[in-house]
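Dropping the structures in below, format is structure tokens.
Same chain, two partners: subunit A is paired with subunit B first, then with subunit C.
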Partner chain A sequence: MSTVFSEEQRDCLQELINVAMGLASDKLARFLNTFVHLQVPAIELVNSSQIPAQFEAQYSSTEAALVSQGFLGNDGLRGEAIVLYQLDNAHRIAALLGYDTDSASELEMLTDISSILTTTFLNGLAGQIDNSLSYSAPRVLSSRQTNVTEALIETACHWELALKVDISYQLIDHSFNCDMLLLIPGEAVLNIQQILDRIVEEY
Partner chain B sequence: MALPVLICDDSLLARKQVRKSLPESFDADILTAGNGVEALTILRGQEIGLVFLDLTMPELDGIGVLEAIKQDGLDCFVIVISADIQPEMQKRVTELGALAFIHKPVNPEKLVVILKQYGLI
Partner chain C sequence: MSEDWLTGPILEQLNSGVLVVDEQFQLVYLNTFLQRHSCVQLSDVKGKSLFKVFTDVPEAWLRRKFASVLELQSPSFSSWEQRQYVIKLPHLRPVTSSSQFMAQNCTMLPLSDPAGRRYVCLLIEDATDAFVYQQHLQITMQKLEHNNRIDGLTKALNRRYWEEQLKLEVQRAQRYQQPLSLLLFDLDKFKQLNDQYGHLGGDSVLIELTARVRALLRDTDWFGRYGGEEFGIVLTNTALAGAMDVAERICLAVDSTAVTFHEQSIKTSVSIGVAQLDATGERAHEVLIGQADIALYNAKRDGRNRVVPFSAGETEFLLKAN
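Now for the complex of A and B:
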């Protein structure tokens, strides 16, 4: 099974993701009541077993949180969307939004933001490929009490592949980085590749 | 006479989408650029009547291109086609002189309305 995108497929997926990110940023900007500077998100398809090592360096030295939300669509498109945050960023955003600074509120805020990011982004992506998705409720899989790498290993092992989408948001006065991981089974990638080929052919 | 048109977007798919959205009645001589720097090189080297401009691009983004067009006094219409759909962004590009702001993925009917509105078709 080819898990590598051709250059045309990659360009096509990147553009679909840019459009979906634009929708998510607009929603986030309205929620945070600020302007969000949008950057082109870097995308990469990797085996899900490689994921924890890639993020260990980035997230293990700092307090991080991991929020997960399952999604299910037509034609075998399903998976789990994970958003990873560094918590020192989260404090600033929480304050900006007027959440209390206790840890229960912090989790509530992370769940809110993840839900906006994930569902708006995935709806935007699905809409462009004539699919529609349903979602499970977002779950906070790890917060300051638990080890983010362990939680990630435990989650990622259920899936074959991961589409990494590096998201970097800059708000007017704050910068806010998070990573989104779409954990998907191999057959979903085949399905995505077919869709991308169809779109490329159409234009 | 064909109108020299520049389509500037880092995505090949997006450039094709714009090209395919143009009505057949639109007599255009189409050039493409993959980022803002390439676009400015073309714009400074020859007469371009209309630019379809993406905003989020590597090297130089669409805002940078609009600023340079304004600063250099380049005479061309600009239609922004963007995934960044925040109202604040729309306001910014309009202030920088863009004729219109279209959300991605480009809607051919909407594009025709705008081209007609400005007498380009």
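Now for the complex of A and C:
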């Protein structure tokens, strides 16, 4: 089983993700009533064992949150989306979403933000490949009490390959940076490769 | 749709709630599960506002959730761990579980009819079992935590936990510049007592002794078993003079009344060393224990059943002697 993507596959994936991000930012902008500028996301395929080290410097403080949401589609497309962000960033976007700090718990706010970011992006991705996804409820894997790196080590070891997508949302007067990780198990990677090959052939 | 005969009955018999509202939050559909649990008939409430029918739902929150589902056409979720329920409903195990209302995991899904009108479907899953297990787990954890701090025989704090508290109180006293005193006391001639009355006799003296001492302390004092028959008390916000008073009262409370064990009267007494915190730095709590220990040693040497304060001159003497 090869989890290495060919150059063609990689380019195709990058293109799909760029379009998905465009769709997501458009939807978010309308929903939040503000301009959303999304930088073209940098994507990187990494071996899941390298992930904890990659995020250690950026998210080692206790002020970071990590939220996971499973996704499942047709043709064996499945995986787990993880959103990492700084908690003070979260409060900025929470204010935009209309949360005042005491009406909902912090955990509820975190799962809501992550779910919105994850599902708008992945729906856009699935739509391009004539797929549709269902989602599990988002779960906070770590915030404040637990160490982000430890939580990542625990999660990442069950997966073969991770697609790392750095997302930086620029809203008017606000900026919101986060990382999204798509963790994909071995068989699903093969399935995705087949899907990508099919698209490459069609063009 | 050829499976209509199938999906209809399954939807009606599903052990989860299914509710559909239109873009104006007017009720379009409720399945049997929800109708029965909330004691409403679909025919009575169809077309009415969700918030008029279920008056105790968190309206602002739910409006925001539904708005995101409609606008983004993507699902939204709510977990019982963060919000126990969205619609207040009784659950199906009212007798055997402690919670009053159904704990719910909810999913909000975007729907469209063939004409393109948009709806939100609210799925409600009963998570009461998980909720109840979680509560049991929490109670068990609290008990474990409590037991982990307590000395089984005397119910005073165990040494590890007591020392942790001493360390914290010393840091607090230093930070806020408040006085803090420590009593270390020892049951006099405990070995002889054990030899004479047996270990059960010794144990019952320890139990009775700790009960009497505890009755003399404030809630803010930390009383722990330091070793076999040796105990420590951290007196917060207390200078030496106040600590001496407490120590004298303890000494008297033990000496004045004998302990009864198997109809025998066991006469007993304690020796107490008292010290007030004056050291600084990381090891201040260890210095304090050392000083109270020297005072306790002196109380023993001077004939037992007495209270002796630590005085600075004595350290120098002991240090020289060592």
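Assume the second predicted complex is superposed on the first by the 191 of 203 C-alpha atoms of A that agree within 3 Å, B and C clash if a C-alpha of one lies under 4 Å from a C-alpha of the other, contacts with A are read in each partner's own complex, and residues count from 1 in each chain.
Here is the rule we go by: contacts are C-beta pairs under 8 Å (C-beta built on N, C-alpha and C of every residue); 3 or more make two chains touch, one makes a residue touch a chain.
All figures in this text were calculated on a predicted structure; none of them were measured in a lab.
By the touch criterion defined above, A:Y203 reaches subunit B but does not reach subunit C. With both structures placed on the common chain, the touch criterion links A:F31 to subunit C but leaves subunit B unconnected. No residue of subunit A lies at the contact with subunit B in one complex and also at the contact with subunit C in the other. Subunit C contributes residues 60-61, 64-65, 67-68, 71-79, 81-83, 105, 107 to its touches with subunit A in the complex.
For subunit A in complex with subunit B, the residues that touch the partner chain are 8, 11-12, 14-15, 18-19, 21-23, 25-26, 29, 35-36, 38-40, 128, 199-200, 203. Within the complex formed with subunit C, the residues of subunit A that make contact are 27-28, 30-31, 97-98, 103-105, 107-108, 111-112, 115-116, 119-120, 123, 135, 137-139.
Within the complex formed with subunit A, the subunit B residues making contact are 10-14, 16-17, 20, 56-58, 82-86, 88-89, 103-105.
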